[in-house]
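Worksheet: the structure to be examined is printed underneath.
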Amino acid sequence: MGFALLVSVGEHRRARAQVTTQDTSALLVVDMQNDFLAQGGYYAEKAARFCAAGEELSAADHVALARVYMHPPATCEISGRYQGFVHTVTGVAAAALNGGMTTIFVQAGYDPDARYRPPLFLRNPQRRDYACHPGTWGADLVEPIKQLASHPRARIVEKHTFDAFFETELRGLLRFKHIDTVYIAGVETNVCVLFTACSALSNGFNTIILAECVTTSQIDVHEQTLRIIEMAQGRLMSTRDFLTLLER
Amino acid sequence: MGFALLVSVGEHRRARAQVTTQDTSALLVVDMQNDFLAQGGYYAEKAARFCAAGEELSAADHVALARVYMHPPATCEISGRYQGFVHTVTGVAAAALNGGMTTIFVQAGYDPDARYRPPLFLRNPQRRDYACHPGTWGADLVEPIKQLASHPRARIVEKHTFDAFFETELRGLLRFKHIDTVYIAGVETNVCVLFTACSALSNGFNTIILAECVTTSQIDVHEQTLRIIEMAQGRLMSTRDFLTLLER
Amino acid sequence: MGFALLVSVGEHRRARAQVTTQDTSALLVVDMQNDFLAQGGYYAEKAARFCAAGEELSAADHVALARVYMHPPATCEISGRYQGFVHTVTGVAAAALNGGMTTIFVQAGYDPDARYRPPLFLRNPQRRDYACHPGTWGADLVEPIKQLASHPRARIVEKHTFDAFFETELRGLLRFKHIDTVYIAGVETNVCVLFTACSALSNGFNTIILAECVTTSQIDVHEQTLRIIEMAQGRLMSTRDFLTLLER
Amino acid sequence: MGFALLVSVGEHRRARAQVTTQDTSALLVVDMQNDFLAQGGYYAEKAARFCAAGEELSAADHVALARVYMHPPATCEISGRYQGFVHTVTGVAAAALNGGMTTIFVQAGYDPDARYRPPLFLRNPQRRDYACHPGTWGADLVEPIKQLASHPRARIVEKHTFDAFFETELRGLLRFKHIDTVYIAGVETNVCVLFTACSALSNGFNTIILAECVTTSQIDVHEQTLRIIEMAQGRLMSTRDFLTLLER
């Protein structure tokens, strides 16, 4: 019949005896999306309105924030405060992919009409102004990260709550590949990073936060969140140590 | 800033008051893969060897069946006995997609080295000759189905066991979209269709098997499996009735 | 401080090196409840009304069947057709407990007002006449089984659907104890036994149906259900073989 | 046949129209166990050895801590620092039970030999010195709480990790009863209370921490943990407000 290539099962897969750290580890890159990190995204818009308003947002502000951009702006720039951060995370994710590590880009999709929703809607179920409406530009991965997502070792996992494991394929995906260790990068330290780390720990994964690769807009609880994760037996690793580990 | 299009949340989504059957239903198309349905696939090869061998497969047969094709043959033909079946399922899936119904193509990925494996490996964990090794031609969707999978309303869900809900994103995906009814097509009636239907029922989904769109190589239990699903409160619907329902 | 007994962790638990079949196996005894098996239970009452009515049940019949008994009758007898069956299952469960095997009595609790409900309510969500309302005599384990449930190696797991694994502690309980094999007894073969067996298989448990210890009121699909479970890599074992295995 | 009492389904259950806060809420009382709170428990013993040792525990200390008490001491006293706390939580739980609220006592069972284990074992899988070995006195609920656990509205849920929802019946139990709000009390704020709160939020429960009813031995992160839970849309309520709410 003319099949192009015939291989045995054993050949098309690395023998399990030669398992490396890369084989049993995955990098989770959490919520690197325009709404969190880019100019014109939800968070940047909200911050600008807060500055302008002084204190409380008006009803008109909430209506404006509930508007979503279906298509990207001509130039899509990372917000000033996040430029170094996005650069660092992009470098680390590229190194992981090139170093042979499964890398999973977790992408929040928060639909105000969905049955599963992040806890953000608990107090006000009618709320419409929030980030990451599925299908919008704001929910897109930021440009430099998006370019990595087509790598053969990359996977995108869409999540609907703060926890990347909740009602997603993430656990099956990791277990299927015999992965026992997850490294976590992304935003925000005290919300989606924390919730995802807790679930990773409950599921028995060695859970390591990459110190310079997580951040939050609520910077006053950043350090304490990392301490709390460590107390619960998560670990903290510097970006430099992670890159060194990949080179082994 | 020059965003290309600005819409409100309310506009980019059909108002919930106008919900139709299509909005709250999904079609699950199970395991329409080369290894099950195409010439040169695992099942066709195994059947051919059974015919040749008379009764038991030899060790050499098992070794040969454990070989997997990484690339498709020049011509990839559906096995004779499945040509009408594939044609019917393809037509139904196309009608569902064009009629506005979420359609999910479930794709088995059975890796002999994975931690999650179908029950097939329970009795012989070292078994190597089985269908749908991830990344092989045999695990690919059959050509006419594969062409539908790029439709914007289509989704591919990879499963690792007989049950499309087990450790996958399927439940989250359906609940996220307020779907309460699933129609099931595909193979094999008494294995992956049955397991998936049981899980759909446990999760509280109205579960409807499309009668002419499911089949099995173990044809003597086909009818009984459908009766058992009906006794457990699943339902059976003719392809014709399903197509009529889509036109409403 | 006067503690009564001081032992090391190693002492109060059998060394893992001496693991026996009993240590890594559990017996699941499914739905051995009055409503299914006793005189005056839902099924017996329904059958009696069917006989009297000839064909269809009247509205009055449905109302009567929706009445539930809070307290047991003076004499609680097993229905004639199930007396031998209950005797057999009771003997097997007693042997398992005495032989050192974890034995789990699964008890259906089907509350018409609950959010999780068995698929029975899918077609008629208002339905009130059904078995095993929590807290009623009908939902109680039949007397001889109930007496075994207080054994130190026995556990009761309440289930809300046909599947003993769905939203219950069963998986955690089995995994926690390193159990990899489940033996299944109880009713009904083609409903709760089948659904529970499918979930056990998906979760990777060796799944063995005890042939004389499962039955169903829909006896015409009993044999076919067992064949279907076997085709999906479940196994069938005679009661005699199971008892022999316990004696080893 | 002489059944003692015959009621209709409608009668033996409060009409859903008269649903009160108590009907749709549950109180979760987390890990109120001797090993955490009583003299002679793991934590008290460990603290005493830390004080004696100055800094690092010796190998002999670890061996001693790995010893577990199968039976209670003659007098089982709450550690001095926890006496007021246990008194408060006991009062709140009694008020909840008497006020008609489902109250669930979560009990950690951490077996060093189990397949599911708390993250505590991640760094040192061979570790033997830890709290709450199933079946020991240390794993028992502290006396005043234990007395409440036999109340008809009380339930005990055994958990194997830090998260009361992970592989337990808790979610099914709450959803089965149409509960949408959970109040959380117990120990330790930054570990099991936090993990359980995160899971409750992911599952869409309104999640309220009872301020004076949670505490931790790592008191320096107590306040920050509460802030982090609030930022993730959990809420904080004073014990007094909770008691007032129960009286309504």
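Just so it is clear, A, B, C and D label the chains in written order, and each chain counts residues from 1 on its own.
Here, contacts are C-beta pairs under 8 Å (C-beta built on N, C-alpha and C of every residue); 3 or more make two chains touch, one makes a residue touch a chain.
Keep in mind it's a predicted model, so treat the numbers as computed, not measured.
Number of steps on the shortest path from subunit B to subunit D, with steps defined by chain touch: 2.
Subunit B and subunit C have centres, each the mean of its CA atoms, that are 31 Å apart.
If you average the Cα atoms of subunit C and of subunit D, the two centres end up 30 Å apart.
Counting only residues that touch two or more partner chains, subunit C has 116, 166.
In terms of inter-chain touching, the protein chains here make up one closed cycle, each touching precisely two others. Taken in their complex, subunit A has these residues touching subunit D: 116-117, 119-120, 122-123, 161-163, 166, 190-191, 194-195, 198-199, 201-204, 206-207, 218, 221, 224-225, 227-228, 231-234. Note for the complex: subunit A touches subunit B at residues 1-10, 12-13, 16, 39-40, 63, 66-74, 109, 111-116, 128, 133, 135-137, 157-158, 160, 166-169, 171-172, 175-178.
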